[in-house]
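The two complexes that follow have chain A in common; it is paired with chain B in the first and with chain C in the second.
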Partner chain A sequence: MATTAVTSAEIASEAPRSDFGRVLAQRERRFAAALLAPAFLALLATTTFPLLFLVYTSAFRMDLAMPFTNGFVGFENYQVLLSDERFWTSLLVSLVYTGSTVALQVIIGLALALLVMDMKRGQGWFRVIAILPVVLSPAVVGMIWRTFMLAPEFGIVDFLAINAGLGSKNWLGDPTLAMVSVIAIHTWQWTPFAFMVLLASLASLPEDIYEAARLDRASAWQRFRRITLPLLRPAIVMVIIMRTMVALTAFAAIFTVTAGGPGTATEILNLYAYRKSFTELSIGYGSALAVALLIVTIIISGILFAMRRAK
Partner chain B sequence: MTAKRLRIIALLAISTVFLLAWAFPIVWSVMNSLKTDSDVLAYPPKLVFTPTWEAYRDVLFGSGSILPNLLSSVIISVGTTVVTMLMAVPAAYALARLRFRGKKFAGFYVLATQMLPPVGIIIPYFLVLRNIGWIDTYQGIILIYLSFSLPFAIWLLVSYFEDIPFEMEEAAYLDGASRLKTLWRIIIPQVRGGIAVTVVFVFLNAWNEFLFAVVLSGNTVRPVTVAMFNFVSVEQTLWAKLAAVSVLAMLPVVVLGVVAQKHIVKGLTVGAVKGGGRR
Partner chain C sequence: MSGQGQVSFRNIVKMHGEFAALKGVNFDIKPGEFFALLGPSGSGKSTTLRILAGLDAPTAGRVLIDDKDVTSTDARDRDIAMVFQSYALYPHMTVAENIAFPLEMAKLPKAEIAPAVKDAARKVKIDHLLDRKPGQLSGGQQQRCALARAIVRKARLFLLDEPLSNLDAKLRLETRAELKKLQRSLGVTAVYVTHDQEEAMTLADRMAVFMSGEIQQVGTPAEVFARPNSIDIAGFIGNPPMNLVPARYVDGDVIIAGHRLKTTTTTAGERDVVAGLRPGALRMTEGGLGARVDLIEDLGDTAALDLDCAGTMIRMRVADGNIPGEGDTISITARPQDIHLFDPATRMRL
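Showing the complex of A and B:
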């Protein structure tokens, strides 16, 4: 972007403010409009229009199972929402799920990146294997974990638990363990992402600063605290922002494993909005929940972006 | 044993554990797909067994074959990729290279569209598509896939367009070539690599999508990520077949991922430098 701006400015200053120049600029604008039109019309139709329509339907009672009760209700859905215990629970589950998965990804990803960075051989293995989880569909990952990894007894995780003397556990049937399981699955799939981004960022750090630190006899911990961490900060914050947005709207990774259950133990707000709309067919209230999710997303990203700007 | 030796052994052990943890669920699915149901269910789990193609034969050519679902996935992913690229390449060029009022806002708009939670888009989309009879159609799914593939493709392509030297286009203008001709003959060939990477990622994201597919699919159009569910029901789980379908669903994206290995980090973090980001 920076280079573009500079060069455009140069051209603008060199061009004489003649009629010829104005005609050229106008032609450029028209050409730009023609190139942008298809994509922007598609984006308006597939994102902006649905958003407006969503806000509109959230003001209605729209029950596909009982259409005779449908009608305009104004802010009633939002009033119901504020006193809906399941909404607050799902919001809490969302925050726990997002907070723990993002923290785990960043901490494990950073630790591994530091470890692999020091390796003289075998980096290639990490680079290839780390790609595997992140390119997979969360739906497929969820199905694999639900069956071959977490099934009682012959599921590998349960097999390991039995052999470790913990005994067979109901990984997806117990509310707490189910939450632990969905968090572990999300962390398994996306830690390689944090790892790859942070490794790339580590590899681009200047070598000479470390050289100077070594001459000053700084300890490994001091080098990490005083040099590596501050230099990596932009990359870490970027990973946090990206992963938070994804975790807040995670769907397939939970839906395929527990479908939000047992009960509502793993039902994040995103999943509650889906279940309300498409399982319970209460679309008006589901829309209000989706709007609430959008507001939560905007608030959290606002906080994160402020964090990025702050030094 | 010296401290240094100990350190090396510890590093090796930690590395092995993590590599295994990432690779194992995938390798294990492949192994299970080559077993019989009774071998899948064996306790303790069998690492050594007589491999059989039976599960693959059943899911591909048996009754309830998933071939139509694989075909659905291919049509949806290829369709999404083609439509996305036709719109994203010109838009990205304009955003990266041309001067016009409101350019900053246009770029911000593209990023902001990614903030919308997918569940918020699918509710209105379901209502509209139901009204015009587009549920369970390719055009319905491909249209809504543009909501996430377009912003992604535009931003990824902008980063490639920005890398081309300005002098090339200026020379072409001075030779009297039209803008469209310059774009087609001079610019596009310069970003071939970037276009290829974008195609890989758009295809990959479309292939992996689940929420929109689960709501909008039906008996005619049902991608493999949704069809997988038929192998797990309350009454019984068809273990080996489920493993075979999982492997078939993973195969194309794993191949593409390994091919595009060097560009993965850029593809995953696109737009992040300027904010935003997605699933």
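Showing the complex of A and C:
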């Protein structure tokens, strides 16, 4: 009898308390939503809306030079795009540019990180100096390279080439050399990022497992292959993902150095979309190109993320 | 066994800048021996092990393994297996891959690796965990995995750096016994670093006791226990530790707290000494040294008494059923051969 009485009393007191709790939780959620709203709206206005507007624009013919031809065209821009040889060339240039710069950044960055890890003194200085290119604006980097480094006869690189007996080269005028140059510039600027991330990751690896590996008779190369690389894998994949997304949408450095030239030798997809929109003033078709770039970026990062999860 | 496993240290000195971690260490380990390096933290025992493994280079002196000078030989080429205090398992590999790693590095054919891994895992009872990663194992299981990785290769020397210190008390006792059996069955030379004198006493065939960068005594646990070389070792070995009380030596007798006791030690004339009395060597008797019982710690089958002998604190261990009450006054003595005398200036045994 006594126990039943206690139980029912408990139930009676519990019910209103949980009701009260629910009201509180609801209020808390509403307050949280109110706090989030400004940021959420700002984000919508500055990212989602322009993106949707871009997709919308790509369905129109919008030619500022010939406004009388403007109007809704549906998928026509995309049909043109698929048979546009310059689109395919610029896509290929984008992929070559991205693939080679990301690969170079990871390889050079990892090599530097391994080297600096073994430095007993001056590690701090090395880090400070190494990070400098990253903090520069890509446009500034492009200007520095075009004038100070690559200018014929007077640029440092050309000066070194002459002294090395290679002779003066037209670094930005020759199609192949121009591509090599823009790849080198991007790699120069962004390798420190890969270097810093990989160095931090390397520094967090426990030292004792390397001692264990030495006693297990692993050579330096085997220690690198069997222990360092697998343990750095998450960091390397992360660097690849982040750098790939940035390289696919690179713009300022190439724009200031070659502006896509000579001809279309260094015209990545991003630059082609820009040229179409703002040089040729064909906004509708430029939007379609930008959407194509967006799709390519999404597909590639989707593949990279899938690889990251797959392990 | 790919070798004999005989070790000699000749005047090994290790400097860290101005600080001498090892001040000229000499010892020999016989093949097949279980040899413990015992000492408090910072005494140089781990440094000694690292120099033996080849992970650190000595500042001076020579290391010989099987009569070959290996002082400048890399750790890779010394044919030594080691269990680290932190276990140092490869976190990205499964237990099986961890154990297989030394064999793969030795370029053993795949067909031989799998059975060897199974065999080693079975010896340390982790053959059901082969597919797990170290992060999914308990501390004790990780420790066994590290052991398996060390024994799988059949190296000539087996080094253990405080392998039990990260285990809980019960597991430590179990593993201690298993470790001894394992070493016996493998017949391998083992060098064991520990700061726990009980571990060293129970495991070791012989041990070296380190004090501030020097070896103060080498011997079997029984020898070191029965005849500690110095005040520091006397205070370090044995639980509860030896009573070390100021006393005066007069013609074969020693005067402690005003009471005269016979000793077997003979030294010239009359002098101040430190007398060492093991708690378990003290006896209650008539007409001995008077002492008041301050505190009793009942340990079940024995009890530890804190005694006040005219201002000098002495601990005594008595068997159950023979325990006086707190506040009682009793009279104690020790046999002449159980009284250790030390020089208070040099801190060495007289």
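One rule holds for everything that comes next: the second predicted complex is superposed on the first by the 294 of 311 C-alpha atoms of A that agree within 3 Å, B and C clash if a C-alpha of one lies under 4 Å from a C-alpha of the other, contacts with A are read in each partner's own complex, and residues count from 1 in each chain.
Please note the rule applied: a residue touches a chain if its C-beta (ideal position, glycine included) is under 8 Å from a C-beta of that chain, and two chains touch if they have at least 3 such contacts.
Computed from a predicted model, the values in this text were never measured in an experiment.
Participant: Just from the overlay, do chain B and chain C fit on chain A, or is there a clash?
Facilitator: fit
Participant: For A:293 in the superposed arrangement: first (chain B), second (chain C), both or neither?
Facilitator: Touch partner of A:293: chain B, not chain C.
Participant: May I ask you to decide whether A:132 touches chain B, chain C, both, or neither, giving the answer as first, second, both or neither?
Facilitator: Only chain B is touched by A:132; chain C is not.
Participant: A:57 in the overlay: touching chain B, chain C, both, or neither? Say first, second, both or neither.
Facilitator: first
Participant: Just to be sure I read the superposition right, which of the two partners does A:153 touch: chain B = first, chain C = second, or both, or neither?
Facilitator: So A:153 only meets chain B here.
Participant: With the two complexes superposed on chain A, say which partner A:212 touches: chain B (first), chain C (second), both, or neither.
Facilitator: Touch partner of A:212: chain C, not chain B.
Participant: After the superposition on A, what does A:236 contact: first (chain B), second (chain C), both or neither?
Facilitator: The answer is neither, since A:236 touches no partner chain.
Participant: Touch test for A:180: chain B only (first), chain C only (second), both, or neither?
Facilitator: neither
Participant: Report for A:114: first if it touches chain B alone, second if chain C alone, otherwise both or neither.
Facilitator: Touch status of A:114: no partner.
Participant: So which one touches more of the residues on chain A, chain B or chain C?
Facilitator: More residues of chain A are touched by B.
Participant: Please state the minimum Cα-Cα separation between chain B and chain C in the superposed model, rounded to the nearest whole Å.
Facilitator: 13
Participant: Under the stated contact criterion, what part of chain B meets chain A in this complex?
Facilitator: Checking each residue of chain B against chain A gives 11, 14-15, 18-19, 21-26, 28-29, 32, 40-45, 86-88, 90-91, 93-101, 103, 106, 109-110, 113, 115-128, 143-144, 146-147, 150-151, 154, 162, 166, 179-180, 204, 207-211, 214-215, 225-226, 228-229, 232, 237, 239, 242-243, 246, 249-250, 253-254, 256-258, 261, 264-265, 268-269, 272-279.
Participant: Could you pull out which chain C residues touch chain A in their complex?
Facilitator: 53-55, 74-78, 80-82, 84, 86, 88-92, 101-102, 105-106, 149, 153
Participant: Of all residues in chain A, which touch chain C in the complex?
Facilitator: Interface residues on the chain A side: 206, 208-209, 211-219, 222, 226-227, 230-231.
Participant: Touching chain B in the complex: which residues of chain A?
Facilitator: Contacts found on chain A: 1, 3-4, 7-8, 12, 25, 27-29, 31-36, 38-40, 42-43, 45-51, 53-54, 57, 112, 115-116, 118-119, 122, 125-141, 143-149, 153-154, 156, 159, 188, 192-193, 196-197, 200, 238, 241-242, 245-246, 248-249, 251-252, 255-256, 270, 273-274, 277-278, 283, 286-287, 290-291, 293-294, 297-298, 301, 305.
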